[in-house]
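Please find one structure pasted underneath; my questions will follow.
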């Protein structure tokens, strides 16, 4: 079973939430951000090159131009490989664990898997982020030393930053798996 | 950012769909407000303003309003936290400049404050304390955003020195288009009206209160010898220099007199020197004890150990400390400054001039009364005092102010500019009118950058649709948050 | 709870048989380790399992049946497999079945021995998780879980979660010894059934390593015994040794070698890793050092290096090398006269050799000369500032005298510098890091700057202290030494008068002192920064875990940060199939985990404290802060 919903992130950009229900005990949520737009890429490149050309006319050193090209290329590669995240996936498997994957634009994937034994709960929390106050979904990890304590808070979808309606959607599905009894009582 | 503890847990779906319980419906007879308290001073900082905000908010929540508090971050405490009864506190990461007051540029806090005001659907901004830059910032932004504003002044100022003149000018600007002002005593009202050139009709007097159940007398814990208790911050404004003159004089005169001093501050060193110079801290019997910083819950335990409470403040709008002391059954000796004469009836307080000589006389009088047994019993004093000031009463009166303010209109931009120009003098008025215009432009820019529709509406923890009260009748976080 | 069956991918093509593995009740999961093929004798299977259990301490048992239908379905086989459940009783009993042509398997887990209702065998939901047995066996989990005790009793309880799976696979090596091609009575199918990796070279190296280690350990113990000899314990020697970075480096290298060739077996994986890392880094270091050595001795470049080390030569002599170098640099940079930049290099080198001796002496004298100029400038009106003339002259003469002393010292030293460098060059065969300890030479050559700095700092510190205490006197305060705080104090009129006079004098003399201090501190900081950079490089070479990085690059599964799952194609009604893969450790964590301890202690103070120290004129010693001196 698979369906796709459309939401927006906190900046108003579009996000597509794909939900895949593999089995009652295994669900996947996939948030895809829009791809790198040609317009912004062109704008940045042009501005860097124009600035370099301006410097070149001032100092008349051709090193600047080649350096600008080099910097643009390196910057683009670095951006695609380390910064731009295209897709974030949350895979939740009952009695096994929660897996978060972020796929970068260059195809690099980084995965974190948290065993179910360590997961205390999945909650929606509020935080001050830049000049905003946002909601975010996070996973609370058990503290091995203290039975009721929380050792760490792991944010989910850290780069997509979806809005509350999307988070509630994911949160409800997560709770259905994590605590089947409770979720049915709170869902409408 | 993230806070810990079960008290901070949120249930997204359940909060939105929770029905209003029938038991709480009757409190909704009067219109409920979404109130945002703004001040630089809040827990874990300790003081009168802090406890005023906390207690008032609690009582307003009890009356069915939605209350949030906005303050700046204290050390590691930043982000969003929930206190008892779902009182939501935003600790904003703003830079502290001086004396726990944030630095102000009049603009840099606008994005965050606007975001909070919008997401919490705030209708009334209630700022506290004229020392707090953040409170004034919030007033300024709220007026730009067209929200109703209330301001509570907790302190008195002079008129003579340069700093007061400047502060008073700023206060004039800040208050000239505020909807309503609350003062804590009549002296304070007089002072504020004069300083800020206000129309007295929009100034109300609502005194502070104490929680009488927290301050009960305990005669068995009193020391055998006569003990004078002082609980205040050890700063110039609280008259610590007077104290350093009183202590040696009285200690020489009465051999069985002890002092207990609670509080911390830059002037503590003076007291330590006095203690060493006059040999008042022998190992056999310590006559002057310096306790250092006290937690609020420990204040009562210190108070009940003494017989006489001494307050040496040089300026005070409404002295909570003397009410607390009287509630614990102590005889109060205080300086006759500011609003102090209004606070307690004549028979419970000995008022003196703010000088070493006069205060010594007052203390001697209290000691002789104590020795002759003329003073009433602590229980009796407590029973008298506990009826005077209660937070429920304060909240009721504040609610009336809110109701009145809710009916008023906020000055539109052109009227506001006119008022600023006409009311605050030609130069200051023009400057601040210009700043107000800039602020408006900045706000327009912000609205264009992140439209209101993009801001998620926060799930209410308190108020008519509060998710908290029914779900979490008791929060575990209270103890932690009240400590320093 | 869902039943999880971990199934090795290598057994997917095995013939039908019995599933052998371990049941983890807390996880409700079954870890299949191998498949036993038909035909077998149940008693022998049980015996084998008992042996394995004894050897490894893992509760290995027959978990269920495995049915691989290559041909048309055989009814009899199915019945037969079901009948096996009665022989090998296990709770629950797994029934895995792979059909021909279908990607989806069927899997059933039945509870048959429910005492209350024996008639209705319950069925669980099953999740199939495939894993690569070889990778799981070889990988090392990070952070390492609690090390299992090898006593069979509490071994199972010590690990939890997925670590239990790793642990099970790692400890049941005894099971993997016999395989399908053996002539044994029981035929198994597991990861080694596809062939075993081995290399003759590795085996030979393993055989040879023992004697080599013994020999080297003996030699090293001799060296270390010699180094602990009493002569080195005498005061000046030990002090110098503790300050010279070359000695430090040599000591570190000795430690490394003793660690590598220690005859004790590495206790655990992390120590083994550390040994390997140290070995690789020493090897690389020595290789780099030998390259440097061959390069240095190739064309008598030692002399050039001596010239390079000696700060730029005398500008007044037009034939100087450095002018030529500077000229070359200019032309090369501007790119306007490429033909001149190509001018005969070798010829110049020949010239250079001839003039080396004089330029060597001249170089240091040039620095001295420049310093003299600087001092003369300071003694006048530097940057238009009006200084206290008398103090200025006194200080200037004092420093000039020192420069005079320095020049005579250099004249004494100059014949030996090249010799010293040559020997230092030889030390490169011990590794690049030892050779890079030329910061000693730099320290030697800039000793006068250090002296100036110390004088300036002491003087300045004295002034600042005096000023601060007199400032306290002004305010009617004094420093209480006993209580470590500022007390108020009433002074006499005389005291106040003298204090004020002194304060005024000190305040007016402060700029002169501060200027001298500033100039020499800047010089000192320059030297310290260069030394710090060299140390940083040495530390980098010493502490980079090269072996672990190489392992991460070539065999990513060996160092695992955990696992990741991939959901395989799914069909309704069939069990969910997941592929468990090893999540390799990120590079930054590899470096973080396996960083070798570097020899230099790390700088203790931050920028703020450094600035504070500089402001109050406290000395910054180069040897306390080994790494980057300004960090």
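In order of appearance the chains are A, B and C, and numbering begins at 1 in each one.
Going forward, a contact is a pair of C-beta atoms (placed from the backbone, for glycine too) under 8 Å apart; a residue touches a chain by one contact, two chains touch by 3 or more.
For clarity, every value in this text was computed on a predicted model and none was experimentally measured.
> With respect to inter-chain C-beta contacts, which pair, B-C or A-B, contains the greater number?
A-B
> Among all other chains, pick the one whose mean CA position is farthest from the mean CA position of chain A.
The chain farthest from chain A, judged by C-alpha centres, is B.
> How many Å are there between the centre of chain A and the centre of chain C, using C-alpha atoms for each centre?
The answer is 31 Å.
> Between chain B and chain C, what is the separation of their C-alpha centroids in Å?
Between these chains, centre-to-centre, one finds 54 Å.
> Using Cα averages as centroids, what's the distance between chain A and chain B in whole Å?
Taking the average C-alpha coordinate of chain A and of chain B, the gap between them is 42 Å.
> Going by the contact rule already set, what residues in chain B reach two or more other chains?
Within chain B, no residue touches at least two other chains.
> Hey, which residues of chain C end up touching chain A in the complex?
By the definition above, chain C touches chain A via 1-2, 4, 27-28, 125, 127, 129, 160-162, 562-565, 567, 570, 576, 578, 583, 586.
> Per the contact definition, I'd like the list of chain C residues that touch chain B in the complex.
Going by the criterion above, the answer is residues 485-488.
> Once bound in the complex, which stretches of chain A touch chain C?
Chain A residues touching chain C: 20, 22-26, 28, 91, 93-97, 99, 101, 110-113, 115, 117-118.
> Contact residues on chain B for chain C in the complex?
Residues 269-270, 273 of chain B touch chain C in their complex.
> Under the touch definition given earlier, write down the residues of chain A that touch chain B in their complex.
Of all residues in chain A, those touching chain B are 8, 10-12, 121, 123-129, 131-135, 138, 148-150, 153, 163-164, 167-168, 171-172, 186-188.
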